[in-house]
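Reading through the structure tokens given below for one structure.
The chains carry the letters A, B, C and D, assigned in the order they are written, with residues numbered from 1 in each.
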Amino acid sequence: MTDQSDALDRAALEARGITGWPYGLEDRVRFYEIDLVRHVNNISFLRWFEVLRVRYFLDYGLSDYSHSEADPQLVVRHQTTDFLAPMHMDQRYVVAGRITLLKPTSFVLAGAVYADGVLHAQGETVVISLEQDGKSRRPHKPDAVRRIIERDDPEVQT
Amino acid sequence: MTDQSDALDRAALEARGITGWPYGLEDRVRFYEIDLVRHVNNISFLRWFEVLRVRYFLDYGLSDYSHSEADPQLVVRHQTTDFLAPMHMDQRYVVAGRITLLKPTSFVLAGAVYADGVLHAQGETVVISLEQDGKSRRPHKPDAVRRIIERDDPEVQT
Amino acid sequence: MTDQSDALDRAALEARGITGWPYGLEDRVRFYEIDLVRHVNNISFLRWFEVLRVRYFLDYGLSDYSHSEADPQLVVRHQTTDFLAPMHMDQRYVVAGRITLLKPTSFVLAGAVYADGVLHAQGETVVISLEQDGKSRRPHKPDAVRRIIERDDPEVQT
Amino acid sequence: MTDQSDALDRAALEARGITGWPYGLEDRVRFYEIDLVRHVNNISFLRWFEVLRVRYFLDYGLSDYSHSEADPQLVVRHQTTDFLAPMHMDQRYVVAGRITLLKPTSFVLAGAVYADGVLHAQGETVVISLEQDGKSRRPHKPDAVRRIIERDDPEVQT
């Protein structure tokens, strides 16, 4: 199992003044995330949401990225992002995530980037769960569903 | 002025079976745009929209990226993307763009990715025009406005 | 088989004033390859060498990237690069490659980047050929060896 | 001044079993650093060396990346890397650096990547110091020279 000891849970996020999120990661801006406008490039925020998403999937047990028949393919179908404030080189930030809507073979994962106590970007990612054939829908693993409901308190549609 | 001779105009796009778009670029998938799932990574589509956007801004004269007082800062405020079909290594594609809504100090740029005659991704980017202070709004350059209206036929709000 | 119709052979390269290379690709600098110093980032050159290398491997038949037992794993073991001149946004360039030394289970691939008739970067990559176990050495495919000798005229060590 | 509190000094590195290095950073492999071969892509190692280098320059006072007349342009002229062992998703690592040769207007920065107590990659980067015109050589700042000699114990050529 992947070591998740550097992930932040609800209590750790609240200790950093970030409320309403059950899962997060802490990091800082790297040189290659800045573009020639000298701010963090928009796409770097998407990279952070991707890093968060992969770690979340592993941690909650939604996927082990094994590509075996016992594991789903989780595919991003739709993504929306608000870029609210520029960020700069070496700035520390927290990227947080929470499943807000859970359906049998899909979900909506909300995300947010906080730095210096201020929301800098937010977004939503619609993810669908497929079999390894990339076509048929596949229900989520029961243990993952249990964890999502317990930790994220999403709207559940059956 | 940047050489734009490899950009596709409306006629060149229609010759490739892609209608409704005034501006496009042709390219093919690179090795580093594939992720471990062996498909084009979602973020690569965003990179293509970015490449298209920067070329569009230069070509239409919206910005010369000089960061001089005579030039605006064009800032992405909101972005939404639909990922409709997976793409693979070395696949050829066209990324196309069109301003669909033009306001005095902002606009909506629509984008689409076509490959093998099929729409693979589409999205919208909301861009605002700022002075170099990054705060005050700045009207678009009149020549750029003229070109956008002429080539893209957007909804115009004044 | 991958469509290689946009690859440049020795004659096409010579027509562009670039001599001594049997294989190349033409492209131009993208926005995301520039860093905050407003030049092409060093690592972008390495990306171009990678794109060239993958296309070369496919074209010469060294690997089909299938990860099947019938195909080798080609692993970069050593890389050296000289960065000779800065490059800028949208600049056109040719990246060229040639195997200069061929051994039974490894080779040296030289590379160069030309823009505006001037050499801007050059380098060498040492690649070893492994079985899919990632451990035992695996001889190159005979057809690929034949093409390399015919097109690249390398030093051959047996 | 950039917060360098997460940088590792000689003692912190030795506590992790890594000897001979005065400066390092700790991190773990991200999803986007893996390529379709399912290992860390070669270029990701170069990214880590770049992150290390920028932080080192800021921390030792070689450059503040202000692009003002009071600051040099530090330009990578040559780079060599050995890739010694594959790395995988989420693996923790330390990237370490040390100036091994110091000349009045250039230096050699050695780097290494350690994971699970094993050296996975190593390399050298030759950097030259230029004025903002990008042409004339510029001597290093005296305070940076003092720190390099004190912390890194390089060979010094005058």
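In the analysis below, contacts are C-beta pairs under 8 Å (C-beta built on N, C-alpha and C of every residue); 3 or more make two chains touch, one makes a residue touch a chain.
These figures come from a predicted structure and were not determined experimentally.
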Using only Cα atoms to place each chain's centre, name the chain farthest from subunit B. D
So how far apart, in whole Å, are subunit A and subunit D when each is placed at the average of its C-alpha atoms? 30
Between subunit B and subunit D, what is the gap in Å from one C-alpha centre to the other? 36
Which residues belonging to subunit D are in contact with no fewer than two other chains? 31-32, 36, 43, 47, 50, 65, 89
Treating touching as the only link between chains, describe the layout with one word: line, ring, star, complete or other. complete
Touching residues of subunit D toward subunit B in the complex: what are they? 31-32, 34-36, 38, 41, 43, 89
Give the list of subunit D residues in touch with subunit A in this complex. 2-3, 6, 28, 30-32, 47, 50-51, 54-55, 58, 65, 89-90, 92
Sort out for me which residues of subunit A touch subunit B in the complex. 36-37, 42-43, 46-47, 50, 65, 67, 73, 75-83, 86, 134
